[in-house]
Amino acid sequence: MTGLETLPPGLAVAVAGLLVLGSTLTLLGAVGLVRLRSFYDRIHAPTLGTSWGAASILLASILVWSWAEDRTVAHELVIGVFLMVTTPVTLMLIGRAALHRSRSAGEAPEDET
Amino acid sequence: MTRLLPHPLLSLGLLLLWLVLTRFSLGHLVLGSVIALGAGLVFARLEPAVPRRRRVWPLLRLAGIVAVDIVRSNLAVAWLILSDGRNRRSGFVEIPLRLQDPGALALLALILTATPGTAWLEHDRATGVLLLHVFDLKDPEEWRVLIRDRYEALLLEAFG
Amino acid sequence: MMEGNLLLVLVALPFLAAVVASTVSSRAHNAAAWSSGLLLAAGLGILWVLRAPLESGQVVRATVRWVPSVGLDLSFRMDAFVWLFATLVFAIAILVLIYARYYLAKSDPVPRFHGFLMLFTGAMVGMLTSGNILMLVVFWELTSLVSFLLIGYWHQGQAARDGARMALIVTGIGGLCLLLAMLILGQIAGSYDLDRVLAAGDAVREHPFYPLVLVLFLLGCFTKSAQMPFHFWLPGAMAAPTPVSAFLHSATMVKAGVFLLIRFTPVLGETQLWFFLVTGTGMATLVLGSMIALFRHDLKGLLAYSTISHLGLITALAGIGSPGAILAAIFHIVNHAVFKASLFMAAGIIDHESGTRDMRRLSGLMRLMPVTGSLAIVASAAMAGVPLLNGFISKEMFFAEAADWHNGTWLDNSLPWLATLAGVFAVAYSVRFITSVFFGPPPVDLPKTPHEPPAWMRRPVEFLVLACLVIGMLPGVTLGPALNLAAEAALVRDLPYKDIAVWHGINLPLVMSLVALAGGVAIMAAFGARIAQGPEGPPLLHRWRAQRLFERVLLLATWRAPRFLHRSFGTERLQPQLRLVVLLAIAAGAAGVWQGLSQAPQPLGNPLNPAFAAMWVAGGACAVGAAWMAKYHRFAALVLLGGAGLVTCLTFAWLSAPDLAVTQLLVEIVTTALLLLGLRWLPKRKEEILGDRLLKAKLRRARDLVIAVAGGAGLAAIAYVILTQPLIPNVGDWFLRNAYQEGGGTNVVNVILVDFRAFDTFGEITVLAIVGITVYALLRRFRPAPESEEPTVAENAVEAARMADALLVPAVIMRWMFPVLLTVAAYLFVRGHDLPGGGFSAGVTLSIAFLLQYLAHDVRWVESRLTVLPIRWMGIGLLIAGVTGLGAFVFGYPFLTAHAQYVALPLIGEVPAATALIFDAGVFALVVGATILMLIAIAHQSLRIARQRERDAAPDREAA
Amino acid sequence: MTALSPEHLIVAPILIPFFAGALMLIYDERQRRAKLMLGLLSVAATLVASIELLVRSKGSELTGGNDIGFYLMGDWAAPFGIVLVIDRLAAMMLVLTSLLALPVLTYAAAGWHRQGQHFHPMLQFLLMGLNGAFLTGDLFNLFVFFEVLLAASYGLLLHGGGQLRVRAGLHYIAVNLTGSLLFLIGVSLIYGATGTLNMAHLSMLMAGLGEQERGLVHAGAGIMAVAFLVKAGIWPLSFWLSTAYMAGAAPVAAMFAIMTKVGVYVLLRLSFLVFGVAAGASAGYGSLVLVGGGLATVAYGLVGILASQSLGRMAAHLVLVSSGTVLSSAGFVLEGAGTGVLAGALFYLLSSTLATAALFLLIEPISREEGGIAAMLALTADAYGLDEREAQPEVGLAVPGTLALLGATFALCVIALAGLPPLSGFIGKVGMLRGMLAAELPVPALGWAFVALVILSGLATLIGLVRIGIQTFWATESEPPRLLALEIGPVLVLVAMLVLLTFKAEVTMRYMQQTARAVLEPAIYSQGVLGAPRTAETQEADQ
Amino acid sequence: MMELVLSLAIGVLAASGIWLILRPRTFQVIVGLCLLSYAVNLFIFSMGRLTLGAPPIMPRGGPIDPTAFADPVPQALVLTAIVISFATTALFLVVLIASRGLTGTDHVDGQEREP
Amino acid sequence: MTLDTALWFAVTYAQLALALAACLAAVRILIGPRAEDRVLGLDALYVAVMLLFIVTGLRLGTPFLFEAALVIAVAGFVSNVALAKFLMRGEVIE
């Protein structure tokens, strides 16, 4: 661990907290992905990871690298922004596809479990 | 000007992107500008229509609201997943929208989908009705109001 | 020296004649005959000149170097033995030419005939005069080949084709055996020079390979000289035009085998084995051949079997190998040539004039063609061994050798009896020939009415018959000296002069001759009529024709067995092939590692990170899942493949290879899109594939599972062994040390790719370009399966309206991403030399940007806005990369020598300016072009099909 | 020839076709005539360059490293950068490739190049890949050039489309892709065990390897060898070959005559370099596999020749025989059979490659029914909606006496292929057999098997080809086929090469003997390569 | 231990890939080739041994300790291999859809095997 | 327990949690049951891997994993879009 040991205590606490929060949220999202019983419910689960899960971790990264390189390293922001912009596209299309396939199978989407 | 810089906002954003990705230096400013201009020009071929001027302030306000909403729904959905949410009912809501601008619609779609708990499924262009799936649906009407007042209004304001 | 050159000219003459003859007009019968005849006459002249030095016991030699390094030289050597033979060849060739001039029809393509005939003469003379035993085989094979072409001269007929093929196969096999024999012989003798080989007889006979050499050698001789059991090709060869039969198949080519037997007697002969094999075969052939000849109804068939039997006689003499026997053998070679050639010509005349060769239909021709008849009667008397004719004398000498020569074996003891028996048959078939063709009632119902041929067609026969008489009556004067010289030359030692006389008093050979004459006449008197009515062949044996047997064996050996073997040891199915590849690779790896695993892997290693292990639980599950689902759930397999790939990317990144992670990720995205594009064209797999649940299929799968597990385990084991060994820092360290200073970049991987090993990249982009154009070319010819042409969901009219909006909102976002991806591509490109990225990743990123637009809209929408000419991009990319490489030439450096420097610009500061960057730009352009080309070429297929459907639908609509 | 200043000629056989191919991509597909001209120019130039390299590399005697030319790619010293090496063996293969390409390209101009897209650049890239594979002295670079030539061969095999080709192509590609993966495993394993990719360096390291590394190198080489053996068509890895060669368009199949030889070449090169006399405990590793596999290939090939019903399939099996013969010869030489065998085998390789190419080119005109290519063009254009129809072949001279001409050419091919005297095939066989009989082998029975198989394969060739020849030229009474001068011309050129080879046999054979001697002396190669000076250094020294 | 995981990963990918390339459907074969190329890429990569957190990206100037960085050579080889296997996968894909179109089946032999 | 080790535990925990998330996503890909579920699973896997790039970069102290994460963020969705579109339209590019 090259950079991490030298972090000042306050920053270390923040980073640790953010990492734990972010990864926990992402993990929860994944748990939901497996546990939820209806497809339309499952579609909500990954957003945990893509929204605040990712944001916390990226924030932690920004903190660490900015400190390590002694300047504002913000390029993780780019990741956050584009993650927010791009994952919905997939989700919208998947949802729409499911809807279409439910309909053409002759079932109301609500029945699906 | 418009011929050289058909999408100024976009080009600015791209320059920003470039500078964030690289270490700031004069060289990168020049290079980034060139790239941003070029990318804008290429984008103009995809989207030749020069967008109307937008109001930025409502958009920024919207961004703040969304950030807060996302945090809230993150926690809510996380809790629902953890608690196995036996009394949770998910379902579809049909929401009539007034928004017409595709860009504005796209933004709304981004917001709704990025926010845990709501999923954008289908938007009927002819009727303007949006089919939304809500993870924890108590009252459909509440959602219609929420979206209309909290997001759509600001978007309408921004996109005129 | 002069003689040597003359010898070369002598060999060259017939080839020259062949060239001349084959270039004349196809109607110029006379020109072809005259030119060939004159050149051959010149050959006879040369032989006349060469006679003098040979008489003094000299050997004339000449050598033209060809491939001395493998011992192949055109070395020629003429002694008295060869001289006699060569004279015979030239003389008979001239006679045949004269005869053929009248024999061939106007419509026959003459240049081909004469060309081949002269080519054959050349080959024969070359074979005789070869002073190099390999060259001897060369000419030997040439005689076989030309003989094939001559037999097939009238190839419209099935008989000619079959005869030619069989002759070629039999003599070809023999020739190859002979080649092998000569190679071994040369090895033993230490040289391929005939003189040295002839001198190495003792060494050869003592060598352990002697029996092998002998057998191979004899196979060559026996096949060529039609010895039993290889005799059957000769009757088949009678489909050839008669001049060819007279020349090749009686007088010359078939004598090549016995010539060789005599030639190599000093090397291979004089052993018990030799005697048994050679004389045994000769006697069997002599007896059986003469017996079968008696039962042939076809005139040429009778003559052919007679030839076989006479060749047997000569072979038997060669096997005996005593000076007297050799003398007799040489003498009989000449005699047989003389009377048999004349007989063939006579038979040809009969055939020509009467239209048939069937002795049962021919009769009483003496009245219609008295001159020809008389000539034929004299010649067949010589064949029968009637006194005062040449055949009698050499046959007497054979009888004498058979009776007088002893080595005490059972074969030796039976020789006189067998010889007499054969003599009886010889007389009998000669009598049959004469009586059935020339005497008896006038012929009825012949295709043509026979009459005497043109005078010049008869001249050669007359000349030969005259020779029969002259030699028969004055043997000592005419041929005596030459024969004695020849025998000395053949045995390569001095021999006492043997006088050849007609009369030796009443002795055993004479008694044998008389018995034969009487016996033969008696047989014909007793059974003549019955033979004529019987089947074509001796009683009992005729069912058992060697030719048919051979054909059956041939069919089995060259068709049925190979087909069976080919099927058993080969396959055209892909799965077994891949299985073999995998199995052999596993075996190769295991064989190598066998030694390597002697040492236990060192317990060196990094502590486990459980997250890494957990990732591979996911990755492994994805991989196995993909393998499991690829058959029935293609889409699922594709997604799972993506999962496995993703974990692979993560592994690269984790283990210090960020460049790999980036590249693999980008490639993975494009690959997924590609595979999806392909998925649409595959058959819907709704129900189970037939037979999938059968036990056999299950066993197959079990076997493949074992192979797969073995392969995986093997690769894992090797990887583990290497991973736990210390790194051997031969080359890697050098790169790390020099990348920045010498290569001008900090990202060593990228510096390797665009500088240190840029040549790899250079080749790699070429691969991409090739694949791009291949994909494009192949898809231009694409034709989908009928069911794939069904409209997709999107084209289903009911859904279409509803679906129109589905992409509207996402498409906006996807469009936004286009300039973003462009910028990211630029970012990856610019940083490549120093940080992860580079031309390739940038190029793929850009193509993903394009792909995204195609996904968001339809082909027409995109292509009306963005014009990409992928192939041109590819060309330009390649040229940029190549020209950058060439740039170094200007400065006197090798291809792809890079120049790196940081240029300080005012205000901006240090800017990297490496030529490698330009090279990378070439890579970038190429990758963009190739990737887009592949994606779009596949994507366009749907459009084409849709267009096709519209076209098909249009007429229907009009009709309705 | 030393590498004092960069001798750019060495890289020319790679670069000329590369630039030609790249330029062709910029041309429009309809400008086929321009591409043809460019292609011919490129091939001719490559031929000239290759011949010049051959002339220079054939110095009279072996004098240390001076007989080998080097080209330090990018001016990086040997074990680090990629080095091109030209020696007799490589030069010979280069010349052979160009010699083959020129008639093939001319032949294609008679119509085949119009059968599909991008024939010309693919052919150029194939040449580039072949020449690269012959020249490179680096294992991974060899992989890259293998991929170049394979990719081009995929494209060429599929050229013209149609069910047969696509089916054959699928198998061909699947097998070769698997082979390529094995190649990668092998190369990387060797790198993992020795830390080098340079063939010369590897050769030097072999003797001093530890037990474990040696085992790993053996494993790597073995796995890699499977890939080469697939390409060389060794039994039982050769089943894809006959279908693929049969399916390929005539000029493509003719060009493929050299494809198996690349596998053979690489096996030769690497076996002697890595497992040659100087390899310590590894000397002769795998030689028995080459011997046994080669012999089995010859046997399978000869059985296949006899079992074939079509000339195309027969020709494909002839390719197998030829490659099996050379492979087993190489194995024998590794076992200590001496240079004579290798020289004979190389000579035979030259002759059989040219002869099979000629035969492949002959198949089309021989077995053509009415109409020929013109009809085929029309058919495919109709069936697949080819949107760029061109004028019918403009070079359609009908040659008189076509059947005789075809027959004579065919006969010469038969003689050359069956190894019958007097054509070059015979000389090669005599060379091999002579050497083999003189050799003292550890297992003499294998030597005898070789002798027998060489003789039998010649016989099978004779029988098979004569069977088909009789059927074609003697048993049919149809009208003689129409023949384009552009088709028969190239075949005649190839046959003329065979005749020339026969006349110039001594010169060639001596070249081969020296080649064989050099191949058996890996030290010349490896010391030369590792000592090759950089241009930068020599320039510094000059100043 | 990381080494063991990596080796096992290579083994699992390779085994899955081998199993698939021995299967009769073209799609199985192409997925198999992809999996195999993952395995091979990882294998090549592993020839440079296993290094954590030390990509071969050099600091500018100053002395360099090569042992502190991952071996760059296998990485460069993998990059080339990735590109080439991408290209050949694309080609194989096109051939397999062409074969499916022309033969009407997705069996690797262009015809169904009798059960 | 010092802050160092706390941070170390946090990073280790984050890695493990994300890896577990990846495993769960893989489970969803494997069990389906609908094709859409599998794409959803892959999407989640992409995100987990991307976050792992970041966290692992922190743990190993190397900034060079950023590009990989960036590529997933800007381009990773393309393959999922293609998959989803295939499900929706039966065709990827029309």
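To keep things simple, chains are lettered A, B, C, D, E and F as they appear, and every chain counts its residues starting from 1.
One rule holds in what follows: contacts are C-beta pairs under 8 Å (C-beta built on N, C-alpha and C of every residue); 3 or more make two chains touch, one makes a residue touch a chain.
Not measured: the values here are computed from a predicted model.
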item	value
Subunit A to subunit E, fewest steps along touching chains	2
Minimal step count in the chain contact network, subunit B to subunit F	2
By mean Cα position, the chain sitting nearest the middle	D
Which of A-C and D-E has more C-beta pairs touching across its chains	D-E
Farthest chain (mean CA position) relative to subunit A	C
Averaged-CA centre spacing for the pair subunit F and subunit C, given as whole angstrom	60
CA centroid of subunit C to CA centroid of subunit D, Å	17
Distance between chain centroids, defined by C-alpha means - subunit C, subunit E (Å)	41
Centre-to-centre distance between subunit F and subunit A (centres being mean Cα positions), rounded to whole Å	9
Of all residues in subunit C, the ones touching two or more other chains	572, 574, 578, 582, 609, 612, 619, 638, 647, 654, 656, 658, 677, 679, 715, 718, 722, 725, 727, 729, 731-732, 735, 757, 760, 764, 767, 771, 774, 778, 781, 783, 793, 803, 806-807, 809-810, 813-814, 816-817, 820, 824, 831, 835-836
Sites on subunit F at which at least two other chains make contact	15, 18, 20, 22-23, 25, 27, 39, 41, 59-62, 64, 70, 74, 76, 81, 85, 87-88
Multi-chain contact sites of subunit D, meaning residues that touch two or more partners	140, 144, 147, 151, 154, 158, 161-162, 166, 170-171, 174, 178, 185, 189, 192, 197
Chain-to-chain touches, reported pairwise for every pair that qualifies	A-B, A-C, A-F, B-C, C-D, C-E, C-F, D-E, E-F
Residue ranges of subunit E in contact with subunit D within the complex	21, 26, 29, 33, 36-37, 40, 43-44, 46-48, 73-74, 77, 80-81, 84-85, 87-88, 91-92, 95-96, 98-99, 102-103, 108-110
Touch list for subunit A against partner subunit C, complex	82, 85-86, 88-89, 92-93, 96, 100, 104
List of subunit E residues in touch with subunit F within their complex	52-55, 57
Residue ranges of subunit B in contact with subunit C within the complex	7, 10, 14, 17-18, 21-22, 25-27, 30-31, 35-36, 38-40, 42-43, 45-47, 102-103, 105-106, 109-110, 120, 122-125
Residues on subunit F engaged by subunit C in the complex (per definition of touch)	12, 15-16, 18-20, 22-23, 25-27, 29-30, 32, 35, 38-39, 41-42, 45-46, 49, 52-53, 56, 60, 62, 64-65, 67-68, 70-72, 74-76, 78-79, 81-83, 85-94
